[in-house]
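There are two complexes below, and they share chain A, which is joined by chain B in the first and by chain C in the second.
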Partner chain A sequence: MGDTVLVVGAGPAGLSAAANVTAAGYKVVMVEKEEVLGGAPILSGYARLVPSGEWAKDAIGRMVSRVEEDANCTVHKNAKVTQLDGEAGNFTATLSNGETVKAGAVVLATGFTHFDSINKPEWGFGTYEDVLTTTQMEQMVSSGKIICPSDGRVPERVAILLCVGSRDRQIGREWCSKICCTVSANLAMEIKEISPGTDVFIYYMDIRTYGLYEDKFYWKSQEEFKTKFVKARIAEVTASGDGRLLVKGEDTLVKRPIVIPFDIVVHAIGMDPNEDNPEISRIFGVGLEKHGFIERAEHYTNTCGTTRRGIYSCGAAYAPETIDDSISQGAAAGARAVADLHALVRKAG
Partner chain B sequence: MAIHEKSLIEPERLLKHDSLVVDGVDVSGHWNTMIAPRTITDYDDDFEAKIQKYGGGENVHRCWQCGSCTNSCTVYAQNVQFNPRYWIYLIRLGLKEEIVKDKDIIWQCVSCNKCTDICPKDVRPEGVMKALSHWMEDEGITGKSPSKIFDEEFLDQIYKTGRIEDGKVVQNFFKKTGQSLFQDWLRVFMLRMMKGLPIMHLMRMGWNTVHTPRTRSWGRTGEVLKAYVQEQKEARHG
Partner chain C sequence: MATYAEMQQIYDDIRGDFRYDHELNGCLNCGICTATCPSAQFYDYSPREIVQLLWTENVEQIYDAMQEKIWACAQCMTCAARCPFKNSPGGLVAIMREVAIKHEMQSAKDVLRPFGRVMLKLITTGNQLSPDMIQPDHFPDWGPNIQKVEGDLRLLRKAIPVKTLQTVDTAWEVSLKTSVEMYTIWEMTGVLRSLELMDENLFDVIEDFIDEKREDYEDWLEEQEEDEEDDD
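== the complex of A and B ==
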């Protein structure tokens, strides 16, 4: 149908695309594989978002209810697109729940998958209870209590290791995940706020708190919350024998090996391409770039395009992306889809 | 075989027993030489706060290790061992033993303040160098500097008498720093003074140096003052 856009994925980007399509007077059919809307911030239980400081469930919750209350938006949860026929202006999608959707354009807001720390076994995740990921630490912050999962004691020291699953040729992740530096600085402040007796150390290679995140997160965490930044890429996390963890590496500024005791070690995990991308690529007939994210069309005059006409994309489906920028890109992708429909309507009229 | 290039290893990390027998085998002397690892095994979490309590060290926690201070440093241009950026990092993590290794050069800061002008985070490295020097002095890691000795002589006289006798300050300062009283400049100074014949002044100076009179109604003021200064210092540095 010439007045409908199919939006795949109900994270920040997809919810933004849907709201912008209906605001322009067209219809949306939304397909989400999980049983709740909201994407990673809701599914993984993020705490306060960067840079607004609003709780994820409130901020993203508003986006969810805006779409759920929208009469022009039909939502299919627990569903996937299993087949897509037709061409730009006249697509027919078959869903896993047996429904068929006719749409003039498609927006793929299929997002990313968190890096699984099991793939870096030397850093102790899965071996030691007190080695966590940033998403687990976010959940701990949401619970309002900072404790060691192993025995419930309040940690004296927390180490956050940056670039876990990013910038690592050894495991085929040659990209920077863009958000982890800022998220970690934010997390360090949240930890200190809840547990003032806990000292937080961030082990880094470079700090990439770009743009306005510089003073609001990096400087603030250092200057007001006494977060210590140590330049070292950690080699190994082991047990100390007395219930603590030992973080081993080389402090590159002192040019000395270090073996420092910590109570909790947090992996600042990166963003992988959505693990379903090979399937998405096959079903929607769109190409993937060399890392496995959705391939971007020529950007200057085909913004939010993919390798297939009439199919648009946005947010972390393209590459590691912030929540705010995913929302902006979702709006842009919605606008591209609407422009296609508008051209169809004019032609038919 | 002895260790080659021993000069590259800090002497305190070379462990050797002059006589040692292991399982009946005599391994005395260089046969049992071991090298202790260079590994850093802990941070002193309170050290940064300690340095911040010294004047000039307040902003040390702001440092992000860009190296602008070292790059602009007058002394670094002469001696690459003089590295403010490095010491600031050691302060932040509390690696005291590493700092103490450089005790003989840290005080060489000439206070040109180029580092403070250039620092993008307003750490004021020149102040940090001062704070560090004062901490080392307080801990007895370095000896008293001439200026510290001068200050002490000056204060000592105030506490005792409520006034300063220039002649006595100069005399005691030279004595405590092991310098001759017959400095060329001092001789010229005295000669010129005598040329103007301020006889009464010279006589009063001489008299005061010998008798060290107290300011009128000084009473216990000196003791109270001294106790107050000590109290302030303890409140600051614990």
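== the complex of A and C ==
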């Protein structure tokens, strides 16, 4: 119908889009494939968010309840859109739960998929119990205890490897995932806060704590939490005889290969295009850009557009994106959708 | 010591190789190539340094690296398999070595001289390490595995279901025809020309040998034709 926006995906971007559409006086039908709303920050159990420092369950939780308590927002959980007919102003979506939704505009807030570290076997994930991903480490921080999964000891040294699944032509990931540098600097501080005896090393190719993240995260993590930043991309992670992990790299400033023992190695995993994107592209008739993310329309005058009229997108569906910017883009996509509905109202009037 | 113009020419020859742009895309100085490099563990050699010197067009340091460093690379290409930019430092070293030979650099001659015997064996028999050369005393680093090559080598070799491997005094049997074809390939691809630039004496010995083998092959071909005529 001409007063409804279909929002696909209930992460930060989708929740923001939905709230902004209903705030403008229109209705939202939200479709989420998982059982719970909140997207990656909730599903993956993120700890404190960058840059607010709020716990994910509190911050994103507020966004979820705002939508769930909204009488003008109908939510379908555990559901997917299986077919989309019609055109801008008059779409009909068929859902996997058998429902049919009529909507004037669509917002794709379908997000991303975390990089699967199994695709970089030389870095030991899946081989050694004490090799973790940033999301697993965030869960450990949320639990309030920093211990080696293998035997429960408190780690003396933790290594965080940046650019795992990012900036790597060898595995077809030719993009920067944008958030991992800041998230890792933040994670290093959280680890030190919980476990003051643990030293954290971050191995980097470049540090991209852009904008206001420079002093608040990069500098602070060095100055106040003594995080060691080493300019090196790690060649491989192996096991030492005594149950620790050996990290092999080149200290590019000292210019010699080095092998250093660690107790926990954390992969700062990047953001892949949503693994469902080929299906999303087919069902919604929108194009994908060369890396597999949703293709952006001309940005200056068709902000949040896709290759199909009446279908908008936002957040990590377009490219690796921060939570804060995903929320802003969700609001923008919601505004574009509302403008379409408003035009229909004026035409009918 | 070369003049600056000579060093510039050496760099230009490296840069002008058709493989160059494929092997070098850029460099973030991440060091994964050197971290993973077996030679860097033992020698004053760093693939990252090679890439950086070429990327920054440092012709003097490139010339310097070609004196000794580039010869420490084992050409295992692990660097190429790991580089996030898909550079191939090992591939760049291969180009630099070819240019060093082309310019008849003394360093190349010095480094390659000990390999003259290997080259001779390779070209004359088609292979170098034969089973009967593997004596336990010569390979202490093999440890207990050396037992695997003790015993009746001739019998063990016969168990291999590949005809060319049923020999013990060469690694495998190379047919006359294959040898002659290899000579043509080495001639046309410039391998023999490189050898001539590096070691003229060795080249003369090998050239005589090749001529002999080619004559043998011609004779053999004639014999075949005569046999056929007899059959008719």
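Keep this in mind: the second predicted complex is superposed on the first by the 349 of 349 C-alpha atoms of A that agree within 3 Å, B and C clash if a C-alpha of one lies under 4 Å from a C-alpha of the other, contacts with A are read in each partner's own complex, and residues count from 1 in each chain.
By our rule, a contact is a pair of C-beta atoms (placed from the backbone, for glycine too) under 8 Å apart; a residue touches a chain by one contact, two chains touch by 3 or more.
Values in this document were obtained by computation on a predicted structure and should not be read as measured data.
On the superposed chain A, the two partners chain B and chain C both fit, without a clash. In the overlay built on the shared chain, the residue A:254 is in contact with chain B alone; chain C does not reach it. With both structures placed on the common chain, the touch criterion links A:170 to chain C but leaves chain B unconnected. Looking at the shared chain after the overlay, A:129 reaches neither chain B nor chain C. Measuring from the middle, so to speak, at the Cα centre of chain A, the directions to chain B and chain C differ by 60 degrees in steps of 10. By the touch criterion defined above, A:205 reaches chain C but does not reach chain B. By the document's definition of touching, both partners, chain B and chain C, reach A:231. Contact with chain B, but none with chain C, is seen for A:222 once the two complexes are overlaid on the shared chain.
Superposition on chain A places chain B within reach of chain C only down to 5 Å, the least C-alpha distance between them. Touched by chain B in one complex and by chain C in the other are residues 231, 251, 257-258 of chain A. Note for the complex: chain A touches chain C at residues 122, 163, 167-170, 205-206, 231-236, 248-252, 255, 257-258. Interface residues of chain B facing chain A in the complex, by the touch rule stated above, are 37-43, 45, 61-62, 64-65, 86, 89-90, 92-93, 95, 98, 121.
Against chain A, the residues of chain C that register as touching in their complex are 25, 28-37, 40-41, 46, 48-49, 81-86.
Across the complex, chain B is touched by residues 157, 199, 207, 218-219, 222-223, 226, 228-231, 251, 253-254, 256-261 of chain A.
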